[in-house]
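Since the structure comes first, as structure tokens, the remarks are kept for the end.
First chain written, first letter: the chains are A, B, C, D, E and F, and each begins at residue 1.
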Amino acid sequence: MEHVNAPSSPSPATVGPLSGTEVPRFAGASTFARLPRVDQVEKVDVAVVGAPFDTGVSYRPGARFGPGHIRQSSRLLRPYNPAQEIAPFAVQQVADAGDMVINPFDIEEAIGQVQEQAAAFVDGGARLVTLGGDHTIALPLLRTMHREHGEIAVLHFDAHLDTWDTYFGAPYTHGTPFRRASEEGLIDHSASLHVGIRGSLYDRADLEDDAAAGFRVLSSRQFARDSLDGLIERMLDRLGDRPVYVSVDIDVLDPAHAPGTGTPEAGGLTSRELLEMIRALPPRNVVGADVVEVAPAYDHAELTGIAASHVVYELISAMALTHGKATS
Amino acid sequence: MEHVNAPSSPSPATVGPLSGTEVPRFAGASTFARLPRVDQVEKVDVAVVGAPFDTGVSYRPGARFGPGHIRQSSRLLRPYNPAQEIAPFAVQQVADAGDMVINPFDIEEAIGQVQEQAAAFVDGGARLVTLGGDHTIALPLLRTMHREHGEIAVLHFDAHLDTWDTYFGAPYTHGTPFRRASEEGLIDHSASLHVGIRGSLYDRADLEDDAAAGFRVLSSRQFARDSLDGLIERMLDRLGDRPVYVSVDIDVLDPAHAPGTGTPEAGGLTSRELLEMIRALPPRNVVGADVVEVAPAYDHAELTGIAASHVVYELISAMALTHGKATS
Amino acid sequence: MEHVNAPSSPSPATVGPLSGTEVPRFAGASTFARLPRVDQVEKVDVAVVGAPFDTGVSYRPGARFGPGHIRQSSRLLRPYNPAQEIAPFAVQQVADAGDMVINPFDIEEAIGQVQEQAAAFVDGGARLVTLGGDHTIALPLLRTMHREHGEIAVLHFDAHLDTWDTYFGAPYTHGTPFRRASEEGLIDHSASLHVGIRGSLYDRADLEDDAAAGFRVLSSRQFARDSLDGLIERMLDRLGDRPVYVSVDIDVLDPAHAPGTGTPEAGGLTSRELLEMIRALPPRNVVGADVVEVAPAYDHAELTGIAASHVVYELISAMALTHGKATS
Amino acid sequence: MEHVNAPSSPSPATVGPLSGTEVPRFAGASTFARLPRVDQVEKVDVAVVGAPFDTGVSYRPGARFGPGHIRQSSRLLRPYNPAQEIAPFAVQQVADAGDMVINPFDIEEAIGQVQEQAAAFVDGGARLVTLGGDHTIALPLLRTMHREHGEIAVLHFDAHLDTWDTYFGAPYTHGTPFRRASEEGLIDHSASLHVGIRGSLYDRADLEDDAAAGFRVLSSRQFARDSLDGLIERMLDRLGDRPVYVSVDIDVLDPAHAPGTGTPEAGGLTSRELLEMIRALPPRNVVGADVVEVAPAYDHAELTGIAASHVVYELISAMALTHGKATS
Amino acid sequence: MEHVNAPSSPSPATVGPLSGTEVPRFAGASTFARLPRVDQVEKVDVAVVGAPFDTGVSYRPGARFGPGHIRQSSRLLRPYNPAQEIAPFAVQQVADAGDMVINPFDIEEAIGQVQEQAAAFVDGGARLVTLGGDHTIALPLLRTMHREHGEIAVLHFDAHLDTWDTYFGAPYTHGTPFRRASEEGLIDHSASLHVGIRGSLYDRADLEDDAAAGFRVLSSRQFARDSLDGLIERMLDRLGDRPVYVSVDIDVLDPAHAPGTGTPEAGGLTSRELLEMIRALPPRNVVGADVVEVAPAYDHAELTGIAASHVVYELISAMALTHGKATS
Amino acid sequence: MEHVNAPSSPSPATVGPLSGTEVPRFAGASTFARLPRVDQVEKVDVAVVGAPFDTGVSYRPGARFGPGHIRQSSRLLRPYNPAQEIAPFAVQQVADAGDMVINPFDIEEAIGQVQEQAAAFVDGGARLVTLGGDHTIALPLLRTMHREHGEIAVLHFDAHLDTWDTYFGAPYTHGTPFRRASEEGLIDHSASLHVGIRGSLYDRADLEDDAAAGFRVLSSRQFARDSLDGLIERMLDRLGDRPVYVSVDIDVLDPAHAPGTGTPEAGGLTSRELLEMIRALPPRNVVGADVVEVAPAYDHAELTGIAASHVVYELISAMALTHGKATS
């Protein structure tokens, strides 16, 4: 009943999304952007995969429903990105890999499952864009990245540092992935950056711990004062020319733009600011990415889901602009 | 990433739904009840197909999003139905056929598309359970039924008669399918029945026209006074032993049970009453069915979607109980 | 742009609602049931008037938006009532009188305003159906009724007795109208009845005070055990053949059926039960009525508004069945 | 019950809105801004008219309820506009003309109905501000404008170009009005402009087709970088001194500011930006305007409705500032 | 600022809830029913305690916010229960014990924490009414009960059996507490009962396993056919005269009555039916109880919270009626 | 069950909030930021007190539930404020004083009650941060401030001037507090300022009356054009070095950022802008503050509550930075 075709694809080698002029956008495939499933294509350059898991959440849960919600909210995405002047699904084969199988009752087993399933994609040559789920999953994803690329520049959009140590004795939660990643030597201390940080902390030492873990900070407050071009320049300076892993906690957006999340903080970025930051990344080589912490039960009218799906679209577009580039 | 298996299926011949003990119910396949897609099985006894169309709606639109919403709300359905003591996905092969392709801008073309796509399933030997969409689609579905079974007993659950003539000059809308079907000789005038009718009418003549079209009425008011067993007996008496097409407008439920619909009327059935009526159908031979008018934008917490998915489950169970029976 | 006509009206003397086959029901007049405004007709037999006031509320406010919400939720009401076999807008002239002007900052002045404006209608020969607003308005409405009819039988549907004495020293609130009415000698102690009462009380004495004020009780619990016909008989026995004023607090319905109200109590009536009780009133002479405590901010998908508008429709139908009868 | 007066109107010739100090804003007239109806005034300089139609929608429907929702959301609008230092309802007679009668089942008939009813107002000397409804209605409105003013400068606020060709074979939908208008020679190719464009396209050629249709683009991305005054200057330069028709698709706003719409795109304008752009128009002569695509089922707390009603208020204010000016 | 007093308390020995005539119900204490905190009273007969934990949930999470939501929804509860003719807060000292401290990241540690904290109350002589939280907590609560009362009659209101074995290898989840409790010898196999069961199962064997675990079933379907008095009689027969532990999963209610829960099933009980069942328990000795699975993110207008708080009120009333009775 | 401790507090003299690493943030105390209650500490430097009152509201009511909602939305606030480099709960004792007792049926009595209860705190040496409630309460709070500090500089964030005269004859409503305060000589005419004003007015004279009452205006429109630093400078210039009372009507935020309020106006401030303005106040001496007009029934996902709670946090931080400073 659903036909996959690629009317605006210049290359016969890629299978594009279901056409919006043949099947109404409210109908048909429930894959991300109505792209083909991985089993419908011969090779995969970029795999969009869900990680439906939220057991690492400390406040409002529900990100387990995030992958499905982002997919449902992505139905209006069209094949051509005028901001980047590229057709991201045509120059590279993008496909939806469905959801990872993850145990909701055991965090450490879950981390192992994410790591194993992510590795299978990466070993197959695909770049991975993971739809969370909570931020706990960034750790196994970074482990996979590290195996491929060595110490990686992490560009982390978030209201929170996520470099806390433990919480109720648990070392692996959505507040700790970058602390663990740093301890495990996965990230490049000279090229990692948080963007959008704001709100209250547990202690002044949180910031010192964070710096020690290898991060610098562009806070949300700076967006109220500095020009977007100035902020982009500082971001790019920090990243250098390292391969970049981009991790987007949707709570980097102001709650007005992303109510559907677990630990919202007032005073955040607009979706326009976030999208512009990501559009500025090429020709940096985005070798992997995640968009996490979308909790649909708190969303309204797919507001948060739409913002997240647009972020994913720009990440895939950035990957398209470096397609073919050696990824390490 | 998603494995289809059938742990509780006694027959190796059928592929069952994705197991809830292997992949969490909030993850994985977005098919109805996490069943296999039609392209994943060799034959199909019962096809669940979406008809995302709502251009025939006279008040609150949005049923175009109904099929996806019912599927999302069906994730908790499990393989064994204790009310009927049957495993409906094991004794017959049930699969999700995706969505029909339907033109949202031309009602008559849309009716032709539904008819053609429905016929393809029926010709292939499958019974069809169609997820609406608005009630306009009942007409092409009844045409398909008639071609296979001749004049058919229509069991119609609805707050409204849906036997109006025209509306703004349009002969084909969600208020007219059974009038047109009667005029076209598709239904059995001796065995068709509305259940759940209530609310105000345009004119006293509406009831006369409806009777002339071949229907009798069990009103919602009767549920307030008569015993459920008495109502069931009257329903079964009317149906006789004819093959039955069951058409369920979800607004047969009280708005408390189904807020997510387009023309709600106070004073309706509870979901418990509706499910019991459908459970009473076997051994009547349910040769086809639809569940229509689920408008997710007005739903809350998947209340309406869950009710609709349970209705679909009982319809499939009723089909399972007559599986193998000649269908005409 | 809006044409008022009456296609199903047998009498040339009445102006009916805007026809749903000429102007879509989602468009056009925002009057109750799309009826004419009082200034569009020559005489008025039944006036539907809003009393947008909620300053007497003790818990969740918002009933000030009730009249507009009930009107918006009444757009699907059609001209013929099959339950009563009558066209209620054809045998009598029903019109929408807009909203009363009421001071939101001074309860006592507000009561005076309601009383004065209600009297103007009644003096003009119209029966009044008032859309609340909170229950405080029942007192001035009963004063008006008393002036016309003497001691009146009050049929009061509510979860609460509303015969409390004072609250924070205030004698006039939504919890006290029937206490005050009884003290003022407005009601018939031998024929007044609460229906649907449930939930916790301040004190055992509340019930004694209530009985002393002239009321008997059919509790919601009795609906779980007794037959509807039995309950109706008890209601009618109590009312005798007195002229009846019907006051419906929408919280008589279970919160599942009426979430949009200020002081919800679990365990209430279904909308089907409530509508049947009202349908049983004729040939009792309903000389006036109100439907109060609809608080739209807590409603969902017009659930509560639709229930309220159907109650109003049945009250008007009951009036139609005694149209022409002497009203005292 | 409702008194229309004009306490802050300097001119005895105009009837102003219902006073908020005499009738509470939550009560009384349901007209736009509580203005008089057209039948309550002797002449009409500016008519606010609803076009409740959404059959041209390609994704989330519901704009058929837009006019009523915008009116309900306009109750807080007061008589004096300090941003423009004018009392827009006093210097010109503004009135609410109710809703157009439009067939929901036939797009082409609907377009004819809008055109005919709009022409009746324009022929009567009124400027028209139309409340959508979906964007399909811009075509018949532009035809009416063209008959009066010749080729007109179109100032189009939208996330989307709306210059697509056909969709499912349908030439008239909410994605095509400006393509058709350009083909019909209705618009001035030297003075038309889209503002707020963003998001993905079907093809690179969409932009070329759009330019060929006579439009230039101020994208939403430019609002993130350029000063508001710079953007205003570019808008005014493009418009020149031509009579201007302003068409505002509410999805020009970010979904955070306008969730209640059918095809939301992340990264949009704030309501403050949009209002400032419109305030900058005088002394350009705004000869007509529409505000479309408000879909209340997806709105929250009247967020979208309030934004839309403020846009309408500024459009009426702009008209007030050129009141008396020859309109062609 | 908040004064605790007990105007309707006949006994000087108890401290009652904050009076609604002195402090408005929307203000003041956020304890259950505005009762005193445990630290404000000298002894506690009944402790209401929160167990904010939902890590054992298999579908929609969020019951961690259940205790606070039930408390907020309990503000309208008043001191006198006319259904039982008792003042439940006057004949026994009821107090709010706040929330248990529970680790959200480790289910087994959490179970230990609940067990330990519950035991502290029970050892202190209090009966415990626990506000969930997910159903996992029933196991440690039953352990505590068993230590005090030996094998206990469990009266379990739920849509689901909750006697599954493991889920993703986890023995302790919200679907398994009664299986574990049976295996641990905590429950009386001759006197335990599920009420309200419905919906689909994993396998026919689920029912056999359940019977083997010591339960009998009154299904929701039986409520559609049998009289309430008949059902009550069967419930009481099964319970005999054993001390009873009552465990109420709010999803026993139909989703119309309790949308705010994690695994809703259509066709459930009304709140009126559930409350009547609980009211029928005295003089059975209710020695402890829980009300679980209230997930506020899916609730609307406190519908579910209000139903839950009324259930708690009836449980406390039942305890009041056997106050002073030996509890084993 | 709830332990109050202060892990990040350098001073043994203060009792800090409940630790988020010991009791999950979704559990435990329902005080503001999980701070101790006033009865749990020996002295109070800053008291957070609720004023649950909304009888002065002219449009959407519901702010009576504001204090509880802001508290619930404050659970994520942590002890250290990096924007100000201070631990606001450690350098001064902050405690939650619960809710004032206020009569909902008599505005003038209510004003007296607020004044009396506020005075009790101020006389005890505490600075007061009041959680509204509607803006009516600013008058009695300013009276209290004046008694302590003489004519005070009022920094008023709001969409509206709130210097109207009377409304329906009522001198004390949420639209008039600053007019009355000015007339009573409470405010410093040389140092008072509105920030964020926008939207339509009743009359041009409103602005003149406002200036005469002693205020200057920084409008929301200026935020679209001027730099934040420039706006801050103008604010600080106006305030001089006077003790400042800060009154924040949450509707100063755009409805996108604060839907949960009673009289929303499009085109408002972002939460980032508002927080930056407040952070700029030190070393001005903030001697008291209120945050009002949070109406939870219109909020979504605690969007408005979170913004309000962050504003309160910054106000307390500003107070911390001048702790010990003479307050007059």
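What we mean here is this: contacts are C-beta pairs under 8 Å (C-beta built on N, C-alpha and C of every residue); 3 or more make two chains touch, one makes a residue touch a chain.
Not measured: the values here are computed from a predicted model.
Novice: Could you run down the chains that neighbour chain A and chain E together?
Specialist: For chain A paired with chain E, the chains in contact with each are B, F, in label order.
Novice: Chain by chain, through touching neighbours only, how many steps does the shortest route from chain A to chain C take?
Specialist: 2
Novice: Hey, which chain ends up farthest from chain F, C-alpha centres compared?
Specialist: Chain B.
Novice: Do chain B and chain E face each other with the same patch, meaning over half of the contact numbers show up on both, or with different patches?
Specialist: Mostly different residues.
Novice: Of the pairs A-F and E-F, which shows more C-beta pairs in contact?
Specialist: Here the pair linked by more C-beta pairs in contact is A-F.
Novice: Could you work out which chain's C-alpha centre is the most distant one from the centre of chain D?
Specialist: If we average the C-alpha coordinates per chain, E ends up farthest from chain D.
Novice: Centre to centre, by mean C-alpha position, how many angstrom separate chain D and chain F?
Specialist: Here the centre of chain F sits 37 Å away from the centre of chain D.
Novice: CA centre of chain B versus CA centre of chain D: separation in Å?
Specialist: Once rounded, the distance between the two centres reads 41 Å.
Novice: Measure off the straight-line distance from the CA centroid of chain D to the CA centroid of chain E, and report it in whole Å.
Specialist: 55
Novice: Where in chain E do residues touch two or more of the other chains?
Specialist: In chain E, residues 24, 26, 58, 60, 64-65, 104, 167-168, 254, 256, 270, 298, 300 touch at least two other chains, as defined above.
Novice: Using the contact definition from the top, classify how the chains connect: line, ring, star, complete or other.
Specialist: other
Novice: Who touches whom among the chains?
Specialist: A-B, A-D, A-E, A-F, B-C, B-D, B-E, C-D, C-E, C-F, D-F, E-F
Novice: For the complex, which residues does chain B have touching chain E?
Specialist: 7-8, 20-21, 24-26, 75-83, 85, 87, 227-229, 254, 256-257, 270-273, 275-276, 300-303, 306-307, 310-311, 313
Novice: Tell me, which parts of chain C touch chain E in their complex?
Specialist: Chain C residues touching chain E: 58-60, 167-168, 198-204, 206-207, 220-221, 223-225, 254-256, 259-260, 263-268, 270, 298-300.
Novice: Which residues of chain F touch chain C in their complex?
Specialist: Within the complex, chain F contacts chain C at residues 54-56, 58, 60-62, 64-65, 103-107, 167-170, 173, 297-298.
Novice: For chain B, which residues count as touching chain A in their complex?
Specialist: That would be residues 1-3, 22-24, 26-30, 49-50, 52, 64-65, 67-68, 71-72, 97-102, 104, 117 of chain B.
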